[in-house]
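Note that chain A is present in both complexes that follow, paired respectively with chain B and with chain C.
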Partner chain A sequence: MTRSLLSSRVFLGSVVVLALAALVPFLGRVVPFIAVPYALGVLTSAYYFGVFAMSWDLLFGYAGEVNFGPTFLIGLGAYAAALINNILHWPILPCVIAAAVAALAGGLMLALPALRLRGPYFGLVTLVAVLLLQDVIVVFAHWTGGEIGMTVPDVLSISADTNYWIALAFLVVSAAIIYGYARSSLGLILQAAGQDPVEAAALGFNVAKHKLAAFSLSAIMSGVAGAMLIFYLGSASVDVVVDLAIAVQVIIAAVLGGRRTILGSVIGAVFLILAGQVLLPLGQLSTFVVALIALLVILFFPDGLLGQFLHVGERE
Partner chain B sequence: MLGYEIFVDGFAISSLYALGAVGFTLIFGVSGVLNLAHGGTMVVAAMIAWLVIGDLHTGVLGGALIGIIAAIAFAFATYFAAVRPIQRSRAIPKEETEIFILTSTLLWGIMIQTAIAYFFTTNPVTVPPLVPGVVHVLSVRTPSNEVLIAVLCWLVMALLWLFVSRTRAGKALLAASINPRALTLCGFELSRIHLLVWAIYGVLAGIAGVLLGTYLGASSDNIGPLTASAFSIVILGGLGSVPGSLIAAYVVGYFETITAYLVAPTLRSIPALIILVLVLYIRPQGILGRR
Partner chain C sequence: MRTERLAVAGLTKRFGGLVAVKDIAFALHDGEILGLIGPNGSGKSTVIKLIMGIERPTAGSITLDGTEIAGWPAHRISRAGIGIVFQHSRPLHRQTVLEHVKLALLPDSLLRLAADPHVDARARAIAERVGLERVLDRYPGTLPFADLRRLELAKAIARDPSVVLVDEPFAGLTASEIAEFAGLIRSLRDAGRALLLVDHNVKSVAALVDRVLAMYLGERIAEGSAEEVMRDETVRRVYLGGAIEAGGRTGVAEGTAAPLLEVDGVSVLYGKAQALDRVSIAIREREFVSIVGLNGAGKTSLFNAISGFVAYSGSIRFGGRNLATQSAAAIARSGLVQCPETRELFGDLSVRENLELGGSHLGATERAEQLAWLLDLFPILSERAQQAARTLSGGEQQMLAIARALMMRPRLLILDEPTLGLAPVILSQLSKALARLRETTEITFLLGEQNVTFALPHADRVYVLEHARIIWEGEPKRFAEEAGAAYL
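Coming up: the complex of A and B.
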């Protein structure tokens, strides 16, 4: 009973937030002094970031695997799309599909054996994967543009409004897929496999297979989101889709929003991007402040923003 | 000739890696904590030594000493700000402590990195060498400082071995890494042993940091790569195994040096990463791992 009540609370909350998000493009008509295109641009990146964080939370919160290299999957997708768009001149949609395939294939090649290892080893392999991808991109600078990055000929749209709607729609669809998966019976098995693999296996579930399925979904969503992001930005560069700093931000967003909540990751991502904008006058120190806030949240509210909210609901 | 050069150069950098990684692995062995702010400890030591030598004219040795003290202070700060509160938190389930400590030390490392970048910029600083001049080792012209680094690293590790195998506190430390529960049953306070291991870690990482500052220089940008290399060495050698870390440090150090000499200096980190991935697939417990 509590469970359905909670999920309906989450559902109602999501609808309200979504309605508010849909109103943002029309803000300019009400309060003319707000720089709407600028606000839309910030939120558009934040929505793609939210998909990165949700994909990460599926692995961490449910499968119990720490992926230190979400940007390996994101970067693979982004660079696959950018290269194909540049060299083969495919239109955007096939490029995005290719990005999903690339992220899935690369992720499986590297992570499949690692998923069978216990402890911090999976985390280490994923960390190394990011460093390797970064090195490979720099080594093949002739095609990838190296550290400077590469531009893509096609962009989603040049209108801030259209880009915002595309990002919002993409976020909603991704959230529905990932949240639906996590809330289904498959998600429950996954959660059991993450928390006590021995017992889950004793109940007759193939732990490796379920973790692999979750990893594949996470890889596909990350790769597609990475590709969408670079088609929004019009360029792909290591600093934006591969660098470890971005990986850390994805992790902070998910933990800040509340692990094992999926939707909390979106809140965390939007909060993080907005905080970055608000703290912009601090210059270099803004990263310091964001890291400090995240550390304090972890120390005092380890369940994160949404997790805290849901727990209060449970106690009532 | 080139072979000798690689041998001599690789030895110095590997010894430094070994010293840094031994502290890292000790903490894991005793308390199961992987400190992702490790690079921060090393760079803090080098930065403070450089600052003190330049501004307060303490002389090179005095500056090195103050740098090491700063590293100890930073190690304690890491423990009290980012590790102990999580170990004691009731809101965090036991099986998730490990990942929470990974995240909190990572955030702590980012904080120190941005703070150093803000106050000292990201330009690398070079601590003056402890001894000037050059000597010939195996007919390779080598800075005396490089020889001193290798000697000092091994001296410190020998002292550590004496401490662990000959003193009461050291034996308690070793026992804590084998079976902490039995140790508490024998009447030892585990929290004091944790403090001791963080102090030793501070000394080791501090010495490694100052020496690195005299050899390659140090900047806030090094913090991430230094942590990553210590992490790889420790996994390669086997989590918690000190001899394993020593061997792995030389494997990684020499692979980097060989690549830098024979292929290209910019690619120096790639072969070590590939070896690491291969080892994880073939022998995930590392060279001398316990599991």
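Coming up: the complex of A and C.
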């Protein structure tokens, strides 16, 4: 198992990509005209976004549940961390742990009743949850800053380089956890439960338990990533961590990268954020172009960018 | 005396008003194969779902080794020692055969991230036992149908269950594959397991089973050895009908013009399963033709090919025109209408709205006339006109489905298993309505049935479809002696 993993295409590819990512901060010494701090900033956001998308793919690709509101979990973590940092003045690490607890608790409150529902209802519940969270934040504007958002006293670092390294390290650790889970025995059971719950139960697997475990992991990773993102940005706002537009972007990133690949989600996220920046001169048109590219990939390569590359020869 | 492994008593299941299983009782011993037999809709599949915990029983007891397991969730029942081989499988696309077998061996724990080292060897041994050793590293998408069935069997026996439930063991298999599968099932029995085989007729499992329990409309109708059950009067009546009335009539022009519908050498493949194998039939204008065949024989596939719902090879001509190039909607508009087995009613719309949708291409006056005529033909529907279709009983839903198809003013009406799951009293109402349609309209009928009693009285001509092929054609009165034996 370990041997096959080390020699697999995925592992080799990841090492190469990681090496390239580690070179980015040193680009300025080779190509002087690139605005390195700017590029690092964009990639830093993209890496946190990658963790959002990986957490989402664990639910969609493996557990077979469509979570239309990933930003419910992300936003819960982000705002829990921001509020505690502001009001109780806890340092960053306890705030991040609190974010994980908040996202897990909120996620379970949502998932326990929703996973009992069949068909599209789980997705609808998650969608409504995002709108509720957004309303709560706006209603309690006194503490949360409402639509404008709130600044946090502590930030991870003011150095673009340090922020980049933290985000990259966080991405690697998250990927190892989520990808490891997905490739383990638990991931296999989860896939079986997602594809055919009746047959999985007949094989002796408690389908609800496995789905709930996956949902919990997804919630914790989303909440922590949300908290990390606001401590990087120095502020929490609805537009950045809660809005449905962000939820849709997370979903597009995961699908673009490739359903059921986990690591593809990172590629999708980086692609989406970079494309948004590169196309910035187009103004309003840039979101249109990005959406169009996403649509074309989904229509013509439904397995996604990474899925297309990995899964040759498994079908007839 | 062998150990009693599984005991079922007073088992009952209701779905709303429908009683799918009624007071079923039996015992299953180690090293024994029990056949659970019944026509479509008899409740036999529901019985194994109740045992497996996929459905919860309404009443009754199911004990495994003396422990009451009725109402337990499926995963607990599986761990208690019952395995099931599903008729349809949906394997994972990205896992190999070996990985599928390993999956079945994993513990249901959130703390075990990797399989135990011995799992690999066990999985290989199980795969070898069912004959999958050549394809261990292949993906399910590339396997022939028989190997997919073997994979299902491997998963079901992976946890070493003491009781194995098998849903339609031989569906879709060729004769030589059936022999191999029967051998596998026998070897499981010889290893001391208790097996319950669910199938449509006694004949297909007669050589394998120690005992047979026959069901009809949710109730036990006979029990005993395969020979005893095949001789049983009630079983004969259910499968063959008491005295089969031959209903040939005069007045249908014979061989004068070209047939209205000509099916010539039509084959249908679903992935690897051959659903139809070079089937040819011809139906003349105003004729009533019944196609008789057991479940899985290919009736629905034939009708779906004619209606343009599935791809086929061969040719189908209707009124002289080739249908291959036409869409399903165009075929229906040209007067070739199917009333499908699954009825496909719009459940939330009222009876009247369902009918009006069927006649949506007619002018207002025509539609009103057609509606009045149909409500006269099926009086129960006019009583229920404002009710949502979903709330009708099975028989009423079937009448609505037929009436909606008739709203389209068909030249040829295909009725696929209209008697599915219906009580005898409804059958006679339906039968009268068909007789009246046959006498008073110009419509040509193509009826697909496994219920021979229902299919024969109306028919001018009968085809028998078995394992994707037409094996007999003739008048209804010759059916009992020439082809009836296959229907027990």
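The working rule: the second predicted complex is superposed on the first by the 304 of 316 C-alpha atoms of A that agree within 3 Å, B and C clash if a C-alpha of one lies under 4 Å from a C-alpha of the other, contacts with A are read in each partner's own complex, and residues count from 1 in each chain.
Operating definition for what follows: contacts are C-beta pairs under 8 Å (C-beta built on N, C-alpha and C of every residue); 3 or more make two chains touch, one makes a residue touch a chain.
Just so it is clear, the structure is predicted and the values come from calculations on it, not from any experiment.
Contacts of A:S185 after superposition: chain C is touched, whereas chain B is not reached. Chain A is touched at more residues by one of its partners, and among chain B and chain C that partner is B. Contacts of A:L292 after superposition: chain B is touched, whereas chain C is not reached.
In the superposition on chain A, A:V16 makes contact with neither chain B nor chain C. Shared-chain residue A:A35: touches no atom of chain B or chain C.
Contacts of A:H210 after superposition on the shared chain: chain C is touched, whereas chain B is not. Once the two complexes are overlaid on the shared chain, A:Q195 sits against chain B and chain C alike. After overlaying the two complexes on the shared chain, residue contacts for A:V248 are found with chain B alone; chain C is out of touch. Chain A residues in contact with chain B (one complex) as well as with chain C (other complex) are 195. Across the complex, chain A meets chain C through its residues 1, 180-181, 184-186, 188-189, 191-192, 195-196, 198-199, 201-207, 209-210, 213, 260, 311, 313-316. Interface of chain A with chain B (complex): residues 60, 66, 110, 113-114, 117, 119-121, 123-125, 127-128, 131-132, 135, 138-139, 195, 244, 248, 251-252, 255, 283-285, 287-288, 291-292, 294-295, 298-299, 301-303. By the touch criterion stated above, chain B contacts chain A in their complex at residues 34, 81-82, 85-86, 89, 91-92, 95, 98-100, 102-104, 106-108, 110-111, 114-115, 117-118, 224, 228, 231-232, 235, 239, 266-267, 269-270, 273-274, 276-277, 280-281, 284. Against chain A, the residues of chain C that register as touching in their complex are 52-54, 73-75, 78-79, 83-84, 86, 89-90, 92-95, 99, 102-104, 106, 108, 110, 112-115, 139, 141-142, 155-156, 158-159.
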